[in-house]
Amino acid sequence: MRIGFIGLGKMGSGMARNLLAAGHEVTVWNRSPDKARALEPNGARVAFTPAEACAGAEAVITMLADDEAVHGVVFWANGIADSLARGAIHISCSTISTELARLLAAEHATRGHGYLSVPVFGRPEAAANAKLLVVAAGQKEIIDYCQPLFNAIGRQTIVAGPEPWQANLVKICGNFTIASVIETLSEAFAAIKKSGVNPEVFLGAMNELYNSPVYKGYGQAVMTPGTEPGGFALRLGLKDVRLMLKAADECSAPMPMASVIRDNMLSGVANGQGEFDWSSLALVAARNAGIKA
Amino acid sequence: MRIGFIGLGKMGSGMARNLLAAGHEVTVWNRSPDKARALEPNGARVAFTPAEACAGAEAVITMLADDEAVHGVVFWANGIADSLARGAIHISCSTISTELARLLAAEHATRGHGYLSVPVFGRPEAAANAKLLVVAAGQKEIIDYCQPLFNAIGRQTIVAGPEPWQANLVKICGNFTIASVIETLSEAFAAIKKSGVNPEVFLGAMNELYNSPVYKGYGQAVMTPGTEPGGFALRLGLKDVRLMLKAADECSAPMPMASVIRDNMLSGVANGQGEFDWSSLALVAARNAGIKA
Amino acid sequence: MRIGFIGLGKMGSGMARNLLAAGHEVTVWNRSPDKARALEPNGARVAFTPAEACAGAEAVITMLADDEAVHGVVFWANGIADSLARGAIHISCSTISTELARLLAAEHATRGHGYLSVPVFGRPEAAANAKLLVVAAGQKEIIDYCQPLFNAIGRQTIVAGPEPWQANLVKICGNFTIASVIETLSEAFAAIKKSGVNPEVFLGAMNELYNSPVYKGYGQAVMTPGTEPGGFALRLGLKDVRLMLKAADECSAPMPMASVIRDNMLSGVANGQGEFDWSSLALVAARNAGIKA
Amino acid sequence: MRIGFIGLGKMGSGMARNLLAAGHEVTVWNRSPDKARALEPNGARVAFTPAEACAGAEAVITMLADDEAVHGVVFWANGIADSLARGAIHISCSTISTELARLLAAEHATRGHGYLSVPVFGRPEAAANAKLLVVAAGQKEIIDYCQPLFNAIGRQTIVAGPEPWQANLVKICGNFTIASVIETLSEAFAAIKKSGVNPEVFLGAMNELYNSPVYKGYGQAVMTPGTEPGGFALRLGLKDVRLMLKAADECSAPMPMASVIRDNMLSGVANGQGEFDWSSLALVAARNAGIKA
């Protein structure tokens, strides 16, 4: 397929590479163009505007940081809304609000575009290795048509329902559960360390108990939280928990655990951890327990 | 080995059966004697008092509901403290406070007894199938000596440290993490259901994301919470979260997630769910979201 | 002064009456016109649009439910933005977000209007009796010029600073503290009642301890929460706590008490209490404690 | 009356002085005897043991830090339990658990003693000036008999009920509400300061809104939190919130605000603030908001 790919951060670069590797024709655009040019050796064509990435594309994929970025790239001058051909499809892989997903579905429909919300689970390594868990929602025919693209980037596709926002809600809830794992382990490790129990023992018990890649990865990260920028930034994790609280507010469902996580992430950001990996939430629990860095 | 086994609830019965199956001589005692007699066909001898279960035993295992029960069975008349032979070992498998574990270690030491804290992870099915995750702490020599017993009841033994209470803290922290999974999924399912997303889709995504037996079991239970007494009672889950908060308080480590869980479990108990499985925490989240049963 | 007054709910009606009583010429507009006509006997002129209320006015006062209502009445067709004379002043008394206050200040400035944020503390009785606590922010000269209006509606004026949004933040924080009083007393009364202590005794102790009109009013209301629509609706209280969390999020200040209140208010709304007075938050605490209505 | 007075901390010293000033015969005991001897110029006799303070006394008053201290002074060797004359009365003014109050009532009854729980509201200044708010519970006849003592130390006596623990619950709930005021203001001031609003303006608005001595005192203290040991220590405030959560747990009433306060107080203690006044809770909110000291 001929596709446009917009947004070449840690996640998007890996996804675009895998689409190229699977034989698709990919025109890429990124706000800072060096990340776009980095894909030329893989066969990507580089566009100067989102509109150029849409020209001639059967589908355009967006993989951007937040609602604001997606909204801009769709609706601003030289954006997707005015450039995508009738009958072409916008596949939004970003973790965005259910509200924006509804707006995109409606606006694309009036322009004769297809629209799918297709958020993905997985960190940059999974994106690089085509091991993402893909959650797709929208019209079944469009999902079926795009399935080869999902196959190129992920290990499995889950269909969340006929309304695009449904995939976003599943993704937002899923990220909330991961944030909860991080906060929960952060609190447990603080108690373990202050009590004088070997944290490696607790980590081993957790891995034996859960036997889960999520706990394996985050257990280690939370036990020895880094302060290097990298991975999935805490400020983006905070953005996702905000999306959770917003979606829950819209349907009047209280989520006290999400509130605790939000408050502690905010404390992390207030204390300079915004660009650290979100496992640095452990530093907030440690600080509150009086553990010196 | 010749052992006494005290406490034949859902967990203890399975453990005692597996010890018998492994060829150990087991004398059992339970407050309500019918559960003790139920093990006679498996070769158990039935004691009329804890003291009788200790008579001639190299080790006595306790598997009881809470601190109060363990304290009673050890220190009351005809209890373990006055009945166990010098050089014999008390293996406490119950989920008890670190404070009681320290008391037991000290009191047994003055009587010439060995003492191990050996809490276990796993639900009744795992106890029945000798698949428990065993966490042992205490003197290394005593742990080594008792290893055949742990092999008979569990799939693996993790050594938490030389102080018995260290195993209790690992167990308490571990149970806290499971309670957190239950509460987190409860909140997420409430939002998913109220928003009109198919909860089976979310469950599928969670299982694919975590690929963990804990999420498989509790994901299903939380999605369709039962109101039948059974499994691991909510009031016992509440007891464990109280132990977590107490241990964390002792070392001045705030655990806001544990506080949320405690408050919601308390709400469950206040609303008549004390004997339901602790996955019925989902009913609290549902009630708070105005979801009718 | 010649003034327009837009928004004649429980608060606005009393404020407009007091402005009329103080001798000001007041043209009123309300979405449902019957509330506007009800002020004709007091000397008000009734406008058919917000624009008409602005015609010839030195100042226009808005007292509306939320950001959306204020935004609409300012920026939609026949709105304030396009109708107010150069040099005239918009006085926004509604409890709105600091973000909207900043937008209004900027937009009015470009049109040559003055703009003040002048939120008020007090319930409808205080509005009716000109006993409001007025918090004003904006250019000092404009505040001084409008002081007679504030004198007509309130018992005292506090100047919050030179930036209009500063008054909104003071108001939002103030309402948060009242919400906290309500939630705190709700929890305390639940424990008092369930324990079997006479709640009147506790109420008496609180009144003696605080000797404050806020505690007197809300203490009684929380002890015997009503289920009649009236007073200050819970859904509006929830709106204000959302504004608090939003303002705190913008400056990265975690507010865990506000989070708890938000979650419980959401539970109240989810359980059909949206139109009850916000003291009905007590019903959420009672429900969570298993107290039957 | 001839009375014994045990516990001469910041509160007890003032209370004992006022009893002496009112003409009662007071024999005092304190763990560190210098504080006892400091009352000799006021006419106090100094006892060497609690038993001596009970000798010949119609009533003995205890004003101690916590459950442990009261329990020890009553039940240990030379304690009140074995020394108080039949028919004499133990008046417990300490903030203790409802559980200990029930134990004291039962144990004193078996010895033919009267027992009242008479906790007091007020800080050391109020104790010094006989302005305490006295909450008394127990048999009406005994309360009436002791009324002259309460008149000597307080401005008003509230009778909480016929069971002594009822006064303790009222006191515990009351202290919880004060802790909530402190935490609420701490969060609000953090947002106010980070946003760039003059905190004095917010303090002024609060005082105008609440017009309450509690807000006047704590508003100022929270706005400019001190780090000097003094006032009512944070570790004692934490003790009281623990008593609240314990009492609420016993009757299955969740108190999420109390949980937040407990967690933040614990963070304060973990960060070295245990001996600071409990208004230093504001430092926790400030730290979490990234405000530098």
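Per-chain numbering from 1; labels A, B, C and D assigned in written order.
Just so we're on the same page, a contact is a pair of C-beta atoms (placed from the backbone, for glycine too) under 8 Å apart; a residue touches a chain by one contact, two chains touch by 3 or more.
Quantities reported herein were computed from a predicted structural model and do not represent experimental measurements.
Undergrad: Quick one: which chains contact chain A and chain B both?
TA: Touches both chain A and chain B: C, D.
Undergrad: Report the chain whose mean Cα position is at the greatest distance from that of chain C.
TA: Farthest chain from chain C, going by C-alpha centroids: B.
Undergrad: Report the inter-chain centroid distance for chain C and chain D in whole angstrom, where each centroid is the mean of the CA atoms.
TA: Between these chains, centre-to-centre, one finds 37 Å.
Undergrad: Taking each chain's centre as the mean position of its Cα atoms, how many Å separate chain A from chain D?
TA: 52
Undergrad: Between chain A and chain C, what's the gap in Å when you average each chain's C-alpha atoms?
TA: Whole-Å distance between the two chain centres: 39.
Undergrad: By residue number and range, which residues of chain C touch two or more other chains?
TA: Touching at least two other chains: 248, 252-256, 260, 263-264, 266-267, 270, 288-290.
Undergrad: Could you please specify the touching residues of chain B with respect to chain D in the complex?
TA: Going through chain B, the ones touching chain D are 242, 248-249, 252-256, 259-260, 262-264, 266-267, 269-270.
Undergrad: Touching residues of chain A toward chain D in the complex: what are they?
TA: 256, 263, 267, 270-272, 284, 287-290
Undergrad: In the complex formed with chain A, which residues of chain B make contact?
TA: 98, 121, 133, 135, 156, 158-161, 166, 169-170, 173-174, 176-178, 180-181, 183-185, 187-188, 190-192, 194-198, 201-202, 204-206, 208-215, 244, 247-248, 250-258, 260, 263-264, 285, 288-290
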